[in-house]
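For reference, the structures are reproduced in the following blocks.
Here chain A shows up in two complexes: once beside chain B, once beside chain C.
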Partner chain A sequence: MAAIYSLYIINKSGGLIFYKDCGTKGRMDTNDSLRVASLWHSMHAISQQLSPVNGCSGIELLQADTFDLHCFQSLPGTKFFVVCEPGTPHMESLLRYVYELYTDYVLKNPFYEIEMPIRCELFDINLTQAVQSDRVALLGR
Partner chain B sequence: MQFFGGSEISPSPPVPTATGNNAHMMYVFNRNGVCLLYKEWNRPLHTLNPQQDHKLMFGLLFSLKSLTAKMDPINADKGNLGVPQLPGQGCSFHSFRTNTYKLSFMETPSGIKIILVTHPKTGDLRESLKYIYGLYVEYVVKNPIYSPGSPIKSELFNTALDQYDCRYIRFWSSVAIAPRQGFIYRRRYTLRAIESQHCVFHYLRGESSQRDVSNCPYPRMIFPHEI
Partner chain C sequence: MIGVGKMKQYSNVLDKPLSKGKQEVSLSAFAFLFSELVQYNQTQVDNIAELERRLEDAGYAVGSRVLELLCNREKGNRRETRLLGILSFVHSTVWKVLFGKVADSLEKGTEHEDEYMISEKELLVNRFISIPKDMGTFNCGAFVAGIVKGVLDNAGFPAVVTAHFVPIEGQQRPRTTILIKFADEVSISTSLYMIYLYLEKLNLSPGLPTSIHAAQVLKREARLSQ
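This part shows the complex of A and B:
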């Protein structure tokens, strides 16, 4: 079973609103995760400026020696990115599923303030299920 | 990281993993951020002027390396974010992809960074980058006139790069060249075979027989003498 190391959600301005790490590898303390998220937000924006062709929407996949980073940017500008083992399949569909969970359990939550850190229990529960489950359901999407 | 694989001086160029590759641009930087070479084959959009573009590219790569070294899940001991990493220290990325381009990156132990910007569907270009580094060593480093840290003006290096791309990457090219007479032409052309370069060479030399011109799909194409 391929491993997901961590999941980050960044708001429109580049601030980290959600961070979850799965397992002991890749654990980062709070300050570092905040810095990494802001750095990613800027890199995402700069990569659009360096495009040779019109219509670039930023980095979707970053491949490094020991991990892959998949990023999904929603239309309002919220970014979801996941750090996983190299070659893990179906990360894009997982990110889209996380976006669905976000709209259902976070945005529709009347007590949630937009752009603030996410503290919604149902979102956490469903996310854990999605990440740890067999993902057979996701393969069929 | 296993960098020096074989013991061949000039390995044969690797066959590309995907057909129909389109190379957009290529950059070569040294460890101080000086852009030694910038080659452009197909770039419809220029957002910034060249100096800013080079600086931005170098800055992006520097920051991305810092990010990947920090995010590395395997290494326990990671430096702080923003601390400059030595070449080869810490986890480094080898490519990233957006919806419009794919950037492949390689850093050598001496700090030379080679970047290729291609079509997003391109496969893994690490072997191609190693081959280009081999060309750099052969034609640039071993050139006694070349001083390290200055922009590369080697004709042989540029020709070898064009030939490598000619054979394996089909592309549109916009090249500014200075033939022996001292004019500068700028042409757009599709290079389909090395033969077209040879017929143009004859054409420029004055042997513009009917046979040569008719062989040439673009009779006013010009051979790159100096770039």
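This part shows the complex of A and C:
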């Protein structure tokens, strides 16, 4: 069974605003997750500059021996990325769905300050449901 | 021409029935607008009780308007005069127009005679809202409580209305209960009405002036007994 390791959301300026561990593997402490987030933000920006193609929107998928990293960038510049076991399917649709949850339960919440770390109970509840593996397969259909 | 002649012509514009209008608005648009309302009011207050009061005031204005509109549109310019009538009007008619559905339940309070509760598993205004832990029991349903208060006050049933989170067993999210506590004169006028009906049955109708006098006497007695 392909597994999701963790999920990140980073704001326009590269700060980590949300991090979630989804399994026992690939757990990271706070410092490491912050480091991954800002590293990824810079790499994403560099890849846009270095790309031989015009109008490149940055890395969407990074494949390594032990993990896949799928990234989705929304139009305002917020990046969502998920680290998972190599070859896990339906990750693009999962990221789209996470973006949808973000717009619903974070942006419509009057107590959320934009660009700040996300602490919204409803977002957590719905996200936990979404990353359950059977739910991910359903999203892919 | 097709369709011509089917349109009924009204010589007087006042005879024309009021159109029902478009029944739905975008939930997202409402959610953003409501979110802004809460955020704006948050900048104007020092404490949570004040914020609750301001949301309630905003709802009160909606409630008084909704009462006028619905009495005209749905009830042929008639207004509910009975306590249970107005409560079920709020629970079904008002709720349906505002939130697209009838409220989940309407119950009588167990501890006090003059308390009623309207409960909703997920209140529409709270759909996207997570209350931060440091705000305690604050509930944005205060806005809806204000609407209910607006309807009841303007219909002649003054009440104190508050919104509360009530945890349900086996559920992650609490439900919202709108608690309605009627003012003393409401229960007095209700019991008076029962006396009036009873007297009428016995052909002893006291007539209006007497009943007003009786209301004053009863009110005074109620105050003395406290």
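Definition applied: the second predicted complex is superposed on the first by the 133 of 141 C-alpha atoms of A that agree within 3 Å, B and C clash if a C-alpha of one lies under 4 Å from a C-alpha of the other, contacts with A are read in each partner's own complex, and residues count from 1 in each chain.
Definition applied: contacts are C-beta pairs under 8 Å (C-beta built on N, C-alpha and C of every residue); 3 or more make two chains touch, one makes a residue touch a chain.
Because the structure is predicted, anything quoted here is derived from the model rather than measured.
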Counting only touches as set out at the top, which of chain B and chain C does A:65 meet: first, second, both, neither?
first
Looking at the overlay, does A:32 come into contact with chain B only (first), chain C only (second), both, or neither?
first
After the superposition on A, what does A:57 contact: first (chain B), second (chain C), both or neither?
first
Who does A:127 touch here: chain B (first), chain C (second), both, or neither?
neither
Who contacts more of chain A, chain B or chain C?
B
Go through the superposed model and pick first if A:109 touches only chain B, second if only chain C, both, or neither.
second
For chain A, which residues belong to both interfaces, chain B and chain C?
none
Touching chain B in the complex: which residues of chain A?
5-6, 25-26, 28, 32, 35-36, 39-40, 42-43, 46-67, 69, 83
Residue numbers of chain C touching chain A in their complex, please.
28, 31-32, 34-39, 42, 128-132, 135, 140, 172-173
Residues of chain A defined as touching chain C within the complex
104-105, 108-111, 119-123, 125
Within the complex, chain A is touched by chain B residues 1, 24-25, 42-45, 47-48, 53, 56-57, 59-60, 63-64, 66-68, 70-75, 81, 91-101, 103, 117
